[in-house]
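Each in structure tokens, the structures are laid out below.
One chain, chain A, appears in both complexes that follow, with chain B as partner in the first and chain C in the second.
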Partner chain A sequence: MDQLLQHCLNALMLGGTYALLGIGLTLIFGIMKVVNFTHGELYAFGAYMMYMLVMLTGVNFFVALGLAIILGVLLGALLEFVLLSRLRGADIDTTMLVMIGAWIALQNAEQLAWTGVAVNIRNPFPAAPLVMGPVSVAWNRVFVFAIALALIFATYRLINHTKLGRAMRATFQDRDTAALMGVQINRIHTATFALGSGLAAAAGALLGPVFVAYPSMGDLAAAKAFAVVILGGLGSIPGATAGGFILAFVEELGAGYISSGYRDAMGFVLIIVILLFRPTGLFARRERIG
Partner chain B sequence: MKAAATLVILAVLATVPWWIGNPYLLHVLIVTGIFVIAAMSLNLLLGYAGQLSLGHVAFFGVGAYASALTSLGFSVHISPAMVWQVDAKPAWLAMLAGIVAAGLCGWFIGRIAFKIRGAYFVIVSISFAEVARLVATNWVELTQGPMALNNIPPLFGFYKKPENYWLVLAVAVIAFILIQRLVSSKAGRAMIALAENEALATSVGIDVTRYLVLATVVSAAMAGAAGALYAHYVRIVDPDVFLFLYTVTMVIMVITGGKGTLAGPVVGGLIFGLLPEGLRAAAIRPEAQWIVYGVLMVLVVYFLPQGIVPALRRQAK
Partner chain C sequence: MKFHGLWSILAATFFAAPAMAQDTIKIGVTQPLTGAFAASGNYVADGAKIAEAAVNAAGGVLGRKIQLIIEDNKSNPTETVATAEKLIAKDKVPVMIGAWSSTLTLAVMPKLMEYEVPMVVETSSSGKITTSGNPYIFRISPTSEMEAKAFAGMVKKFGIKKADFLATNNDFGLGASQEFSQMLKGQGVQVGTIETMDPKATDFSAQLAKIKASGGDTLFVTTAVEQATLILRQAKEQQVKARIITTGGSVSPDQLIAQAGEAANGSYHLVFFTPWFPEAVKNPDIAKKFVAEWNARKYNAGGLTEGFRGWDAVHTVVEAIKLAGKAEPKAITDALWKVHVKGINGDIAFIKQGPAGKESAQNVPSVYVVRIDNGKVVKN
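Showing the complex of A and B:
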């Protein structure tokens, strides 16, 4: 029983970051319809920015976290502006191929810059875990969970309750009408991609110090983000949040009680099963944008 | 005229082992040839049937593993009390087993492709390849996991490089002719029609499921044959044959050469099979080499969206 409780607590902590990765991708893949292969690279970028700022230049941990997220937003904006702005209206296969090219180039640039050796990032939290009766959790995981929830909530507010969010939703529902209403649609494309990228960088900057940072760390993260988005239904932030927690619970319990070797396979199997039987995701009634 | 040119090219290709001298270069050509076969099979799905499969390496890997295991023999517990024992078979028979196993996977993926398209199909195909890789890593009793399957016997007792070169060339020619016959047949025209306008194709009575499944089965079986050739040539197979990067390599070959053309994957395959060696000779680090790959891919999509072969053809006219 204690073991089950501990698994559930671990899953809850993990689910926060999966949800964060998922909502970043659900904006780009779900709303913009760009199959974003660079999502994992932005995640790795966030982690490496933490490494550079905290370990190499000695910036305060919390300041570094904020800077890493801002740098992620800027890199996302740059990628969108350079690569995608000239592909407006191109079919999904074309943009996908460009994103695959960008993914390969970015990942190997990271490897060239930081070598393939995994690096540790120091964090300022006490090493002793927070003990709650029969279960315990590390303080840095609690911090990651809290920040992840805050970012998810902020994104939800931004998309649903601000002028910018309304412009985003309008642009991807009907580009021409939005443009006629005076929405600067090119800027909205860039802003949406930058926001999604910033969230991926935030997830990397949060999880880098919990685990280690290495150049190909983004591959698995991206795969999980896709699983989360498909679970929750494209373009739905509450769906992606729930999807993140579901994936974390399935993985954690599957690894604990079935086989730890197949931990990472759970997400992929979930994707195949969901797409076969409920292609719009678990929660969406239908695709929001067709 | 065209037939004569083809024969001359084939004759030149067939004599390569006699004048090339450098055994390493011959090795590079053999591996390139295997990837050209895989790229041709991907082209059938991507170029003609219009399905972007990013899990193509799964068929390659399943072919490699099935063929290697059949030629080595294996015994595996299906349930605690039941053991499935297969004795070592001759390598050519094992290759057939590899082709059939890959074809069966293709049938499964083809059935899925009928239900979901576009981005969803891409993600399912990637997931399928990743699950295959994780199974190959974790099912140690069958696959030896990361310890790899070693000492795989070569096909027809071909230990030497020239023999393997001719074998790969022969399989490549057979694959090329098969695809040529298929795409100029009624079934091929049906696939192309589906890729161009599915609603219209369906309305004139083309059976979507049937032709998509046919395309994936043939494509997967051919990729399986390439995987089997690979396994029996390098004689070691580990879970890395399922790496996503190999799929990406095949996709780059097809897109650069020209998807939906017969010569496209051959041209693209030769370029991207030999380019790494050229870059290595120029003493460029592997990471930088991959950056060049990635940037080239982006540039090709921007400036040669149809690929090299159609662009050359337009120049000729």
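Showing the complex of A and C:
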């Protein structure tokens, strides 16, 4: 019983971070239809910005968190402006190849800048865990969970209840009509990619201090993000959120009661099963494109 | 003037390059310089470069200087095969050193058979490497079985009654948990749960909750230093009370202290070099010289427990070339069987392992256990 409670608590914490990784990608992959291989690198970038700000320049942890997210947004905007803005209307294969190239270049740049040795990022939370009867959880994980939920909620509001959000949805449903209606579609492309990238950097900035930062840290994060997005249905923020929690619970309980060797396979088996019955994912209604 | 310049470039390209190649003896090195094992691979390469400089400063071998050609295998088995192909076919190296991880070493082994080029294995500990019948393998690092055997004498002292395992899900981790659990069972110790994890995973909450429920007094952890750091931290978060012992010799205690902080206290580590007390090793003069040079080059002190592998591997190769009298694969393979080298880990010499007629070579290295106490590494 204690073990089950601990597994559920762990899954809840993990689910928050998977959901955060998923919503950033669902904007870019789901709404923009760009297969974004740089998502994991933006995650690593967020973590390394925290390292630079907190450990090398001594900025306050919470200020650094805000700055890291802003820098992630700027890097995302730069990537979109330099690489993707030239590829509007190019087929999905071309865009995919460019993004694979950007992924490799970014990861090697990270290694060049920070070396391959993993780095630790100090956090201001107490080292002793929060103990609740038989179960316990680290304070920094509780903080990550709370911020993740806040960011997910803010993104949901932005997409569904603001003018910018409506312009984003309109642009990627039908860019010509949106342009005719006076939407600045080039700016919307850049803004959407920057927002998705900022969320990836936020996930990295939050999780870097929980784990350690190293150049290839983004690879597994990106794999999880793609799983979450496909599970929840492309372009759906509630879907990505639910997908994140489902993936976390399946992994955690599967590893706890079936076999930890197949922990990472469990999530993908689940995806296959769900796609068999609901080919658009759990929450998306429309037909998938691309 | 213009033509003169052009001619010198041509001359340099066509005549000088082959002349250079004859001057040096090339040694191929394949290490993970990028990817998941980048930290360790770079340390081994750094150690090898210190050895290269030391050998050349002492006049080289057979009157020629040695030249390391270090290729990055990107922590990836396919890339490792590609580096071996490049080193052997293009650079024509007569001998290789590599490839850090057991999985990478196993991947490259068929290439050694194909080209009949020997390789000194400096790190990998999976038993399969020396028992699969590859006569071009010369391993200087201990197998998991040797580590387990070395640890057997300490089981009583530690008072282990029930042990759990957490290992990375590859040749290295699975091999080690098998050897250690067998050894412990032989001593009457109860073996609880054996958990595995993806080599890239960063969250071990599920495994640790299960290990906590199993309730052993000791947890054996087999993985690289990055995951070990996170396991120590997360074990503390989940209040796992078991004593943690890491195996494999690649979990740098200095790096753990720097990155896991308090959570590293009270953990034990199997290492193959103890740079904190170089006077305690078998050949203290060599160890002290190596540590001094490492520090003079301002390399990370946490890398010494990996870096020494590069030094020992290069000296083993150089000794073999000296005995062979020529830099050719066949002669070096034969000579490697006869080497007696004073290394940092101890005296290096090879015994036969694996199926008769096509045995691999295995060194019997020293294994030490150290403990982290209040942020300091102490002798156990």
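Methods note: the second predicted complex is superposed on the first by the 277 of 290 C-alpha atoms of A that agree within 3 Å, B and C clash if a C-alpha of one lies under 4 Å from a C-alpha of the other, contacts with A are read in each partner's own complex, and residues count from 1 in each chain.
The rule is short, and it goes like this: a contact is a pair of C-beta atoms (placed from the backbone, for glycine too) under 8 Å apart; a residue touches a chain by one contact, two chains touch by 3 or more.
Just so you know, these numbers come straight off a predicted model, no measurement behind them.
Participant: Putting chain B and chain C on the same copy of chain A, do they fit or clash?
Facilitator: Partners clash after overlay.
Participant: Just checking: does A:Ala170 make contact with chain B only, chain C only, both, or neither of them? Give me first, second, both or neither.
Facilitator: A:Ala170 sits against neither chain B nor chain C.
Participant: Between chain B (first) and chain C (second), which does A:Phe211 come into contact with in this model arrangement: first, second, both, or neither?
Facilitator: second
Participant: Output check: A:Val269 vs chain B and chain C. Expected answer is one of first, second, both, neither. What do you get?
Facilitator: The answer is first: A:Val269 touches chain B but not chain C.
Participant: With the two structures laid over each other on chain A, which partner does A:Asp219 touch: chain B (first), chain C (second), both, or neither?
Facilitator: Both: A:Asp219 reaches chain B and chain C.
Participant: Tell me which partner A:Ile92 touches in the superposition: chain B (first), chain C (second), both or neither.
Facilitator: First partner only.
Participant: In the overlaid three-chain picture, which partner chain does A:Ala179 touch, first (chain B) or second (chain C), both, or neither?
Facilitator: neither
Participant: Can A:Leu78 be said to touch chain B (first), chain C (second), both, or neither?
Facilitator: neither
Participant: State whether A:Asn108 touches chain B only (first), chain C only (second), both chains, or neither.
Facilitator: The answer is both, since A:Asn108 touches chain B and chain C.
Participant: Mind working out whether A:Gly261 is in touch with chain B, chain C, both or neither, as first, second, both or neither?
Facilitator: both
Participant: Pick out the stretch of chain B that clashes with chain C after the overlay, from 8-16, 26-34 or 188-196.
Facilitator: 26-34
Participant: Using the superposition on A, tell me which residues of chain A are in contact with chain B and, in the other complex, with chain C.
Facilitator: 108, 111, 219, 261, 264
Participant: Which positions of chain C touch chain A when the two form their complex?
Facilitator: Answer in residue numbers: 33-36, 38-39, 41-42, 75, 169, 195-198, 200-203, 205-207, 209-210, 212-213, 225-226, 229-230, 234, 236-239, 255, 258-263, 300, 302-303.
Participant: Which residues of chain B touch chain A in the complex?
Facilitator: Touch list, chain B to chain A: 52, 112, 115-116, 118-120, 122-124, 126-128, 130-131, 134-135, 137-138, 244-245, 248, 251, 255, 285, 287-288, 290-291, 293-298, 301-302, 305.
Participant: Which bits of chain A are touching chain B when the two form their complex?
Facilitator: 29, 33, 35, 83, 86, 92-94, 96-98, 100-109, 111-112, 219, 223, 226, 230, 259, 261-262, 264-265, 268-269, 271-272, 275-276, 279
Participant: Quick one: which bits of chain A touch chain C in the complex? Just the residue numbers, please.
Facilitator: Spelled out, the residues of chain A in touch with chain C are 2-3, 6-7, 10, 13-14, 108, 111, 115-120, 127, 129, 131, 136-138, 141, 211-212, 214-217, 219-220, 251-256, 260-261, 263-264.
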